[in-house]
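As written, the chain order gives the labels A, B, C and D, with residue 1 at the start of each chain.
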């Protein structure tokens, strides 16, 4: 069993890591780390609101009882000697200093954006850009680390990149225009999106999100050339909005392809998206990376976010677009806090274990 | 004073006509018509739920007391002799037979889509395609009617066409990609969008909507050539979704222009969109056709739908788009049941009165 | 295996029956019945919207594949010879004539209210009023039926009666004041609660609901005396409201007890509510009939409705009430479409099978 | 003109004071105070988010242009010499030290709870407990202040006390049981209720709220005896919940009266609730203190919160209650941030000006 620490364990993403790793066949949580404020307390105590006694547990799944009495350590003092892996669920600010500190000794898989755009840092989606993992060797060498840092992409990028991958492989992508209707869970809880702002409303701006999606999509679908990734040569333009949905990002996508692409061919490419047997057999891999639903009223975030345990991306309304060259348009729903966060990070860990990068 | 009938008076759009015409300086409601079921009853009685005694009045504004005792007539038996104008707020099915019947004698301004795509029928947005009104002469002549039919465009088209107009005039439009996040009020109440479907959800399909927006935008921004309108020579591609918002459609728009167009020029064109003094002075005309808000978090439907009494379209987030030629992208909010329905129809009536087509 | 028909199979409650009976160890669905409109079609066809081709399946769980090709029969022509049991999920109007027709031959367990208040008809909640089942013998005899009718109580009554039961047994109940905050799923889909009415709103009236809750609670907690049930001698007063929640009714309850009752004793009575081993071991029985949560911010409908598969009632905020004699107040959440509908009805079937009333 | 400062001017309640005082005929805002962080900046600058440039203005009404350039002073350094009145919109913590400091020189009307329960401090609702204002003389004398402190009651208490007042006067109240369904605006924005907690949910606990309502209702309807208020001799028991509503608290109320009280008499008492001509003619006084709506589906927060500019309390569903002695039950809606906050405080100021306590 791989011994893993969860850093940022008291936050909502940290809690999702506990859930995603519960009864995991290969990975055991052996350390929980958080800010100085809760260091030294049991995990249960660290989650307990002192004034009301209520447990600040935010997942739909019940708290992971077997970890509730584990002591929480100060993230700045996490000892990596007994660890094979660190899952980092902290904000980008502290990630900038803490993640390299851990990575000197041990692999770090992170949901933070701090290192996503570094030249020697791959963001990984198993089955989409598996080969980019090889960049980790260069990273280790260049930085002189025993471990490495590999962040997962932004939750909004995730479903977009997954659905573009088979189109890119089959037809070649020219350009992408996307509008997202994002769930409030993506903003977390500190303070996240407040009810007064989102009830009976849409918020048409999420700071930094559009730049992330544009840059990350190009990197994810890019080519590994020697020690760097050449960004995919297509442009991405998007508008990211927040809507009154709890979980599950909806995205409307308009794609221009290089080769002609009709609706049945696009659907076929997505349905037959082959991630390889090595990926498909990982414990957290979804049965289908992409589900295409023929019902014109689907996908809907509430009905489709949990498909394949929240690890599948659901596509619908595949149609011809009249504006773009070889234009295809569709709608997707992706679970932003499963495949787009802790679930996706655990899947990366599994792939890197299988490929010998961890453990 | 012009004497107007409201047909479909008991429905939600009909009620909005009553509100929009309350204390109108030029127009007096002199007849209310609805289906056979309520014919002969007072308007108040027709709105009263027999089992609970509750008044089925659906506008935020209070019921229009001075019309509550007016008898409701059967729409199929409406006598047009004492009328100068009919506002039609009925479904497209019955509109197909009833509106021509009225138009034989009297002008009909309609929110139904039944006649929008007929060659000799203009859809009008005052200030946007004012000149199309001249097509009414051809319509009268060709059909041998004393009156005419002029429908307003679909509520989702309305804000899009208004914001595209100054861009088209200044830069010429090549193509438009749009995603709408539409309010539930657009679906009406029979049964409209049910709570079970829209709470914590997005519905990615509104039957027929995308085709309407695509076709209507081209017609609205087209050129009147003799007795027909030549559709504007640009393509429109859109995805229309429904979100949990009560009123106010939000649209993300990506535009390619013929001439180069930068962000300040696009904003300037929208801010200075000149509708002409004759339009600007109409009683229902908004102070601004387009408001551009510099706050990156705007427009929001709850905060901006009521700008200028729900008659202005609010634009924000004007940015460069990297995918389209001379690409510009922005977000708009338009009030779907004010400017996009009864309010817009009354504005059309005012323009046609001023121009001698009515009264 | 018991052979059961589901009548009203195409509606939302009917679909929930299919889900609740999927892989049931004792009961097999052998017939699906609905209105004349869909009779003769396969169940899949009957659920398919002809214009869009979309499947009108409304449960969060996936459609029950093994029943999708079963032909739907006309409910008025259902042949009872090959059946051991009918689950009726139809409206009260048609229930009045159809349920007796079925009951002449076969037991009928119904979610409709049509027969709830008949003297010889027990409403059953296993573990709460198990002994009332004996009234079925009197019903059969009096009506000359081979079968019988037993409706489950209203979904709002269900959680209330369950939580009152241990208090009534331990302390005796004097009176109950209750306010419900009910989910929209309780209103179904025809048309149910429309989005325009419930977004950013509360609807303070649900026709007929308060009378049902008051009468049913007294009957459920009443005593079987010979061939009739003597209503429990306490009064119930309630206000029933609808809130913007998808599933799960929340109720604030104020109870006056005969014997003094403090908070720890009330909690203890609810926690130790013993339904008997025969009930506890039924396939659909929840592990706990009542869960008491000490977190003052619980129960919440979204977090607690699915406890024990939606079959447990969750209680919190147990406090002393200063107004009523021996006053106790608390908040409960109960899943209105699981324990309060199909799930509760299946549990009744299991109890009646075990006790020899069915099969 | 009275010269008033608004302390806590940058928060949401402070902003509501600016709106409530815009164009006020008697009161002029001459100072704006907030925390040290924004002291010295213009009000516009103080509201501007430095990273996005967006104006953090939270009211539906537009920002009050004539005050946007006023400099904000540090609340701890507010100079009272040029002031006739302070409106305090700060949290209870800082209110404990700041309000007495201001009150040494000048009257303070506060939305904070810090002093509500002091023996010599009246909470005032004009027309409900006008006579309690006389306690201000005792307060001044006892504390040696030139000014005084008078807080308005909690927003949930406000509508309850207003509707109980005519019942208490006419029938005498024995006891009250109340359940509130409160809007998210009552929790403010720091961070207030987050979207992740309230979408598709009810939160059944608002810390401290129930105790406030119980104590304040008794004090508000109590008798001024010499230099203290004798709490009204009835008990109040309540459960306060939060629902997904933006503005407007809904309350279900069950009342036991001393004298028999039937439904028509209760309605008549509420409809004819006479606040006195001196109160009715104040600039902010609503046309009706209580509106009783006969529609069984009313009041609804979205439809009724804005009645009489948000200053009226709307009542519906008045029925007999079967549990309490002489029981009456009803539902009310009250605007928590108008009559229940800034609007109510301005009304108190007007009354105290008219009665010579201010200016």
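Basically, contacts are C-beta pairs under 8 Å (C-beta built on N, C-alpha and C of every residue); 3 or more make two chains touch, one makes a residue touch a chain.
Computed from a predicted model, the values in this text were never measured in an experiment.
Student: According to the touch definition, list the chains common to the neighbour sets of chain A and chain D.
Tutor: In this structure, the chains that contact chain D and also chain A are B, C.
Student: Tell me, which chains sit next to both chain C and chain D?
Tutor: Per touch definition, common to chain C and chain D: A, B.
Student: Which of these, C-D, B-C or A-C, makes the same contacts as A-D in over half of the contact pairs?
Tutor: Comparing each option in C-D, B-C or A-C with A-D, the repeat is B-C.
Student: Mind checking the centre-to-centre distance between chain B and chain D? Centres are C-alpha means, answer in whole Å.
Tutor: 41
Student: Between chain B and chain C, what's the gap in Å when you average each chain's C-alpha atoms?
Tutor: 46
Student: So, what's the distance in Å between the C-alpha centres of chain B and chain A?
Tutor: Going by mean C-alpha positions, chain A sits 42 Å from chain B.
Student: What residues in chain B touch two or more of the other chains?
Tutor: 52, 199-200, 205, 207, 244-246, 296-298, 303, in rising order.
Student: Residues of chain B touching chain C in their complex?
Tutor: 51-52, 58, 184-185, 189, 191-200, 205, 207, 244-246
Student: Touching residues of chain C toward chain D in the complex: what are they?
Tutor: 175-177, 179, 181, 200-205, 207, 214, 235-237, 239, 241, 243-246, 250, 252, 254, 256, 296-303, 316-317, 321-324, 327, 329, 331
Student: Taking the complex as given, what residues does chain A use to touch chain C?
Tutor: 52-55, 60, 199-200, 294-298, 303
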